[in-house]
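Both of the next two complexes hold subunit A, though its partner changes from subunit B to subunit C.
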Partner chain A sequence: MKDNIISEMDVTTDKIKISARNVQVYYGENRAIKDVSVEIQDKTVTAFIGPSGCGKSTFLRCINRMNDTIDICRVEGDILIDGEDIYDSSVDPVQLRAKVGMVFQKPNPFPKSIYDNVAYGPRIHGLSRNKSELDDIVERALKRAAIWNEVKDRLQAPGTGLSGGQQQRLCIARAIATEPEVLLMDEPCSALDPIATAQVEELIDELRQDYSVVIVTHSMQQAARVSQKTAFFHLGNLVEYGATDKIFTSPEDPRTESYITGRIG
Partner chain B sequence: MPDQHIASAFDRDLESVQAQIMKMGGMVEDAIRLAAQSLEARDEELAAQVRDGDKAIDALEELINERAARVIALRAPTAIDLRLILSVIKISASLERIGDYAKNMAKRNAVLAQLPEVSDSTGAIRRMCKTVEAMLKDALDCYVQRDAELAMDVIARDKDVDQMYNALFREFLTFMMEDPRNITSCMHLHFIAKNVERMGDLVTSIAEQVVYLVTGTQPDEDRPKADDTSTRLKG
Partner chain C sequence: MSNLLNVAPTTLLVLVILLLAVFAFVSARSRAMSLAGGDARKLHSLPNYYGYNAAMLTAIPALFVLAIWLLIQPMLVQNAVIEMIPQAAISEGSSVNLVMSDVRRVADGLDGAVQTGALTVDAAKNLTAADDVRSILAGTGVALGSDVGADVLAAAQRYRGLQSTGQWLMIAVVMVIAIGGLAVALMATTPTFRARNMVERFVLALLILAASLAILTTVGIVFSMLFESINFFKLHPWQDFFLGSKWAPNFRGDSDLSILPLLWGTIYISIIALLVAVPIGLFAAIYLSEYANSKVRAFAKPLLEILAGIPTIVYGLFALLTVGPFLVRLFGRGEDGILGLDWMTGATSVLTAGLVMGIMLIPFVSSLSDDIINAVPQSLRDGSFGLGATHSETIRQVVLPAALPGIVGAILLAASRAIGETMIVVLGAGAIARISPNPLEAMTTITTRIVSQLTGDTDFASPETLVAFALGLTLFVLTLGLNVLALYIVRKYREQYE
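Entry: the complex of A and B
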């Protein structure tokens, strides 16, 4: 029997988008990620949960090679997107990041107009041939990020003048303007009030129609609300990975159980 | 896994709601025993006591549900905590139903006491009640001890209650065929026996909650059943 609420939560595809095999990450001598293998599905929201310092953000940042920017950081193992190794020497990290967008914990709009914030990515990647095409891309991205109605009359105003929740949705619009295939979100709602959080969560659910979304969150309830798959990290290990409803009703591993029920910090 | 939550108030909430379940369980055990006793002894005063006692059981169920709702609203329980709260709600509902059946037995007592006695079937009902009461006690014990194995044993024992009911069903049918003047008494006695059989089913569902609480999965549906009266043509 399928009722509406449950089927809405269903994962609609079995296609594997991101495949990580035996990933190890070192910061100098310190091993932050220990032999993590995971397969992340397309058109699915996957939540990474775990206590601070467990490696979930580090692992997230491996997926678009953000860790390349840290000198002492070394990544071993394979990460494949659509079967292609993103750490292959032929892969241009800038091109990769157009395909794998990222939204950060703190909204970080460029000190530019709202329009230019969103148009920046499409411009540098040459996604439009003329002004009217670019206008369309900006409008579509802002609409998808559920902020168009609030900013359509002041597109030339600075992005930094928006409220926190609006800035975060602007950053999401910026991330999706390049039509990425994967969207990484590192604590996207931790600086937002409950209404802005609900709007972003609603947006995440919509984005799932087209993208594979990976979200790192400290809010267990948020992970439960937005994701279909949940991965629990602890001390650099991937302890448990499975359907979100299973993880939150009857997890297999006692460490997962302890964490989600609030028995360890 | 550590037993204690980081938020100790959460532990206190869960403990208190479980303590209420145990209290309610004790009251229901008493109700079953006293109702059966009053039936056998034709003791109308004791029956009245059972009927009055049901109000306290109902009030406790309401209290437990309120507390459980509060825990859900304030603490958003997950995993074992969630299963615990769900089990608390379901177990209190089962206990309340068992209490109602005991009360109904006491009610029918008032009528039965006015009628001539039919054999020693009230003794058989009391023995049936005793079995159910022991099952309930074990179900509540394994709830406290988180013992899924004992819970499975309780579930298996419901078969005995079913068999006792089958025997009584045949007996009542025979009495009624023998002498139509027995019909009124036998109808009441049969309802009582049927209700005790239902109590056994409810105790079984409590034991199933224990299995769910401990293992995270419901036990298999095909538990042994021996109540075949619904397909029987004659005694």
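Entry: the complex of A and C
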């Protein structure tokens, strides 16, 4: 917990977007997240790293309550977004997810046209009054996701017909079309080739201007490249959290050092 | 022993071949082992494969030849004997085939008499027309319609001779092939021989055989119906069958045999059945696959599938005794009825049969749709939830569109089931062929008319009977078309996620 105090000192200049206090997650009897407290800044890319099964994806999915869809999953502790407890009974998880967008590990475009994929969220939440407004939202989201030039001539083609990298950028466009405040990315590049990965990373860096981005990644180079803050998870514990440069150059915890030098993982 | 030989020479032959095959297995296996010096690792294949290979080579060609022989010999013998029957021996109103069947009965009777000891072998051979063959055979339990003429007796004797020669020849040839196979297999059994690959090829042949049998049977069924249908159209104008408006079979001839009233009944009842089954089945599938927890699912799904296991005749009884009378109380009986209407008189109606058939089809729709909805990747649902969609929005806008082609396939399979259904219609819909838009009237379907045209005393030369085949063929084409369409749609769906 000592690490968290240090990180809090670092972030005092910036606004805190997400604040987690003593979060525990249980899958049935199994405790997957142990007492995690973390503060995530606005307009920052925060990377969660750690070996497989360390709980980083589970923690990520707590932030938009995606774990609610799993019957045996139980979350304790507080997670606040802009000071509001998202696990409060007055919060509608459906509304929350509109505010906290998510991009998944495997590109998962709906079996609809490219246009309909992006328009899905805005349609559900009634973000546009008419067709031309919806067209604008779709165009803006696709431009934002750096895929507009590749698909502008075939918006009615099925989204599943795109290449893997294009599909992932389409999914990012779909997520930002609902105008979320936080964007969660669960290993968004693990199914992509290096060129597509580079495109998506560039995109993540740009998205930082408007959103608070939290990215789970297995690639430490990726964490180093795209994030300003890094959190290292190990066996359900948040081991260390701080500025990315510091984590990668002078980690405080020996476990962090072992992991980034490749000795555990 | 000789008695046993006479009773079942073919069975005995098969047993001998199988014994030989077992012997081949054991000896080839031990030969392979001994050639390898007792070290199985020096063999190309495991020792058992050498055994299987030898057993196959011994049994399969021999059994194959045996089967062909058993098919062809009666034809050859008959053709040889039929020439001996002079035109004069065929009496008025008879035919050469009837005389031939007499010949066969006499021959079989004589064989039987020899076996039971009523005649010695020589006595049977030296019978003449002067002897009272009819009474001798009657003594052994073979009844003949008339006295046996000299021609028939001679033909029967020749028939017997050819049959027994053929049988001995068959036994000899089959045994030679079996022993030859055994010898070849044993000679081939060397440590480098690829017995494993041979067995593999045999397995492949077996699988191909099974697959082609299924296909050939279908082709056979189609052709038999096709030929009978052609016979029907020779006797009855096709214009009436396809374009007429009345179904009034009359066994004295001159019937109206139009498929249209039956087709109307079939389609009407099927549509009502699907109107019942599709929404209920689909909603049940959505509940079971998307909302129900595992406990409810484990309990409700088998229960729903029990519906599929109920024999259709039981559904028919349900239609006749429960649903029909209830509908009459609802829509009929004038002032005494529930609604005070007088629209329905009898319990049998299109609506009765359609409702009950719909209940029967629920598990078809729900079970298939449930599987298809489950096959929609979870990642799509997660993607939709992640965008802030509710569960029902996700189902309506993502899951169902993704599963739609598969669901359409399920519905088409249910439709072809509905079109082919017989028992519920017999009991629930009545037997009156008519084209009417009123679902409370009795109507009838293609399947039930096929049954009624073919049951009872029938003569397979009148159009009233043969029409059943034309109806059957039409039905087959209809359901085949629906199935092909369903399979095409389901296959297209499958390719979507790979």
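Keep in mind that, in the parts below, the second predicted complex is superposed on the first by the 252 of 265 C-alpha atoms of A that agree within 3 Å, B and C clash if a C-alpha of one lies under 4 Å from a C-alpha of the other, contacts with A are read in each partner's own complex, and residues count from 1 in each chain.
The rule we apply is simple: a contact is a pair of C-beta atoms (placed from the backbone, for glycine too) under 8 Å apart; a residue touches a chain by one contact, two chains touch by 3 or more.
As the structure is a computational prediction, the values presented were derived from the model and not from experiment.
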### Query
Looking at the overlay on subunit A, is there a clash between subunit B and subunit C, or do the two fit?
fit
### Task
Please indicate which partner A:249 is in contact with in the superposed arrangement: first for subunit B, second for subunit C, both, or neither.
first
### Message
Going by the contact rule set out at the top, does A:50 touch subunit B (first), subunit C (second), both, or neither?
### Response
neither
### Task
Name the contact category of A:175: first (subunit B only), second (subunit C only), both, or neither.
second
### Task
Using the superposition on chain A described above, determine whether A:69 touches subunit B (first), subunit C (second), both, or neither.
second
### Task
Determine how wide the angle is at the CA centre of subunit A between the CA centres of subunit C and subunit B, giving a multiple of 10 degrees.
130
### Query
Is A:102 touching the first partner subunit B, the second partner subunit C, both, or neither of them?
second
### Message
Once the two complexes are aligned on chain A, which partner has more residues of subunit A within touching range, subunit B or subunit C?
### Response
C
### Query
Given the touch rule stated above, what does A:257 touch, subunit B (first), subunit C (second), both, or neither?
first
### Message
Going by the contact rule set out at the top, does A:220 touch subunit B (first), subunit C (second), both, or neither?
### Response
first
### Task
Check the residue A:236 against both partner chains and state whether it touches subunit B (first), subunit C (second), both, or neither.
neither
### Query
Once both structures are aligned on chain A, how many angstrom separate the closest C-alpha atoms of subunit B and subunit C?
33
### Residues of subunit A that touch subunit B when the two form their complex
220-221, 224, 248-251, 254-258, 260-265
### Query
Inside the complex, what are the residues of subunit A that reach subunit C?
64, 66, 69, 71, 94-99, 101-104, 106, 108-112, 120-121, 124-125, 160, 171, 174-175, 178
### Message
Under the definition above, what is the set of subunit C residues touching subunit A in their complex?
### Response
293, 377, 379-390, 393, 397-398, 401-402, 496
### Query
How about subunit B: which of its residues touch subunit A in the complex?
1-7, 10, 76-83, 215-217
